[in-house]
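After this come two complexes, each holding chain A, first together with chain B and then together with chain C.
After this line comes the complex of A and B, so read on.
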């Protein structure tokens, strides 16, 4: 019985951890390329969820079918945000950058509440209440779909950065934008691309979450703190670091919460985080 | 004209006009500050309460035909030259600090005669401290943390029954169920969110449960706004609990129910402590998965069959806002009427006069849309005539199942497992 429960919590932790990883990948990408902390990242996730919700409730299209559309919209939103806001503050003091993205967070939440009301929404599609029972272990079908989706999306981003010319250009800009510029890589465009991909990652996470997590204007707040922890734990700017760190945080949260008491689950995660930072300040896979 | 002359003229003009507007306003409107969560996680609940207050103000100011509440004749407050009620809303975002500063702003800048709010117990604590310091009456219609009225405040009044009474109700209910159906929960688990309200309820349930000889096998306090509740549900499953008592706000309540279903966790009964489980969004979101949940309530739509006033007022609300009243909005509505009644009897907006009138409040139950014997405050500011009910979700509707004398439907116990629905 106990072994079964441990296995259950472990696997449930992995499933939620994969979502944390995907949210964090977008965040770490933006930070890695241009050293800007995006406080509005949770709101990209929220927009991804609402995009799924409206396409589902207005046109009865499943979130997975409309995923490409949502990704495109979020990619475009990332570009627009870059052009309108971020471009102007690239060389501003860090405090201005923080307040610019923090201000966007409040603005986006406000807009969502204004246009879509503060109501909690959910998507009830064909698989949203499905579940898989296997050897006494219970998993929600949407959680499994989300986990697989998160692996695919994170893998795609990793492949893009490590195996394509454009990805190499992005990586070059992240390492030294002036040198990259001298080699003929337009850093402005790379920055815009990082914002587009970053927002799109959060959008995919939003789509995957939308069939099992309630959708409301403040939903980003539930995920953003964890996403920051994952980014720092994995190493700023490291996609594979964010992936493993996401899983670790998910597992530690669920298993630790089960063993030591759910009231301490965030405390456990943050203690682990502090511990790792003491030993490896650059994070698990960050550059020293 | 030199600068000095201009300054003098401007200053004089300002003084004159402000004096003019000030005196004109004193006759026309009574300003009441309302501090509620209008943005943030509880914004949808906050909006319902705001709507309820606006309906109450509208009934006092413009009247409501055929509704037999003394102040609803549409003449404003008769004892203050038919002055109208003007609500000034402030948003506390669920944050105790913001609640305190907003209350201070309402008192010092908007010069409100009284403050009403704040739903969250944790915010009511800080907001009412500010009102106490400035000596402004504070009426609290919905916060149920028992400690609020144990502070010996002079300016604090609460119309709703508090958690102490609700928790007592839980155990009275269990005793009645045992007598009627012959079932007694053998293993009880407590599940609470980790802010003031949840932790206090948890303590109280544990104390009373032990005193009354119930076996409490698990105590879970989870962080509000969790992204997952798997570890919590695994602990519940491992504890073998047959009854859980739960205090959660809306987002967590929805997530908990979804996780119970996913993990196949079905105790004999879920006895919820209002809040998230009674929000209009709860059933809209969960649909039939919300069935069989029991919750303590202060109000239920099926009470309308016993009190025509409830139906009349609910119809007005429904017509205007397209949803029925619920326990939260009905209490906010009632709170404003109690406050308006006191100001009317005080015949002025002088804080001391209003405070005195509030302490002398004696409203009969027949003038209320609540299942209470009436409103009458004790020395701590607590309404002593309030009482609770227990509702159960049956076929997607909240129906009163306890006290058995008020019940409109029979209690369903135990609730069927998830795969047997």
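After this line comes the complex of A and C, so read on.
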């Protein structure tokens, strides 16, 4: 019996961890390519959730069907944010960079509150509602679909970076943007691309979450700190690192919460974060 | 900069500002307006304290609320359980906070840039979780400062806000004086060397970690004084009000807005930011539409993007523009 509970806990940790991984992939990519910490990353996720919600409640289209549309919108939002704000602070002191993205975080939350009210909203009876019983373990179908979707999306980003020319160009810019520029890779366009993909990843995570997580303007706050932890654990800039780190953080959070009480979840995850930063600042799979 | 003449002008400006600050609350008698002035002074004071580490030494802490909270909790706990006057409790809070800061700084100062900032957020967030679940310090419910006899001995004033105003002003002046002394001493040069030329500084034999620890100890001490003051002003504290990351951000923000690494930057920044917050909240806040947030955020972004040197930097630019034709003529 306790074995079953433990297994159930572990697996639900893995499932939420896959989502964390996907959120962190976008963040780590932006950080890796241009060394900017995006505090507004959770808000990209929030916009992804609202996009699903409105398409569902206005046109009765399932979040999974409208996923491509949401991805496009978030990609575009990433580009717009880059063009309007980030482009102007590439060479600014780190403090200005932190506060520009921090300001965007508050701005996006304010906008969501302005247009869509601070209410909690949910999507009910989507395609992915229901439960799955497997070998005596119970899972919500939405969580399983979200987990699988997160694996696919993270895999797609990994494939893009490691197996395509454009991905190689992005990686080259991340390693040395001046050298890459001399080889004819336009850094500015690579930066914009990183923001587009980064926002799109968070958007996909938002869509996947939308069928089982409440949707509200501040929802990003639940994910941003965890995403930082995942990025640090996986190594700043490493996509595969973020994937494994996401799973580890998900499991640590759920198992730790199970053992010490759910109110300590965040403290446990953040302690892990501090420990990793101090012992191995380059992360588990990062470049030293 | 032109030679000695601006010095006398500067002193005159300061004397005038001080006089205005002393008389202002006697003219502005509505309690809500006085409270607004107190908030300006309080955020200016913690901003000046933050500036010692974040501005002069260039170590951007986004977890300073940990020190603020420790100050608030220490003085309040001493007042509740031992009947110790908040004036002493305040100093105790400052010392506890400095010890905590050094203990945290020792490992964290190995981290640079963003990494250090993120570690400080984590420390403060962990502290908030622990205090929220720690029943002996009131847990999530918080602590009420005990009903004590009103007056200066207990730093409790029920009938008038005026004394709080002068305490906040006094704290600000003390913190500014400390900052001014640091700026002119060898510490000021060391801090700036740590910020601008860390490699050169360490090759000259300056122990980077030691002086970063000195900076965080001083900075956290004064931040904690602000926390104790807040507890006495509100007569109530809880983890949400004295340990929330948004307060850490605000401390950094008033400094950035005013001018990082300048003595009076945080004072200007606090005046502007607190006014903006207050005006937008009164104009739009009640609607629950988030309009105040939008305006607040827009200002932050514009400042970060277009005025990275803050109000002080902007004023210097203007002065330079005016100074040039004079010099030619």
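Before moving on, here are some points about what is shown:
By our rule, the second predicted complex is superposed on the first by the 284 of 288 C-alpha atoms of A that agree within 3 Å, B and C clash if a C-alpha of one lies under 4 Å from a C-alpha of the other, contacts with A are read in each partner's own complex, and residues count from 1 in each chain.
Heads up, the rule we're going with is that a residue touches a chain if its C-beta (ideal position, glycine included) is under 8 Å from a C-beta of that chain, and two chains touch if they have at least 3 such contacts.
Because the structure is a prediction, the values reported are computed rather than measured.
Upon superposition of the two complexes on chain A, a steric clash is found between chain B and chain C.
Once the two complexes are overlaid on the shared chain, A:156 sits clear of chain B and of chain C alike. In the superposition on chain A, contact of A:226 is made with chain B only, not with chain C. In the superposition on chain A, A:76 makes contact with neither chain B nor chain C. In the superposition on chain A, A:95 contacts chain C only, with no contact to chain B.
Of the two partner chains, chain B is the only one touched by A:12; chain C is not. In the superposed model, A:139 makes contact with chain B only, not with chain C.
In the superposed model, A:183 makes contact with neither chain B nor chain C. In the superposition on chain A, chain A positions 109-110, 113, 117-118, 217, 261, 263, 266 are in contact with chain B in one complex as well as with chain C in the other.
The part of chain C that touches chain A in the complex is made up of residues 54, 60, 62, 107-108, 110-111, 113-115, 117-119, 121-123, 125-126, 129-130, 132-133, 249, 252-253, 256, 260, 288-294, 296-301, 303-306, 308. Listing the residues of chain B that touch chain A in their complex gives 39-41, 43-44, 46-47, 194, 220-223, 225-232, 234-235, 237-238, 250-251, 254-255, 258, 261-264, 281, 284-287, 289. Chain A meets chain C in the complex at residues 35, 37, 85, 88-89, 92-100, 102-107, 109-114, 117-118, 217, 225, 228-229, 232, 261, 263-264, 266-267, 270-271, 273-274, 277-278, 281.
Looking at the complex, you find that chain A touches chain B at residues 1-2, 5, 8-9, 12-13, 16, 20, 109-110, 113, 117-122, 124, 129, 131, 133, 138-140, 143, 212-214, 216-218, 221-223, 226, 253-258, 261-263, 265-266.
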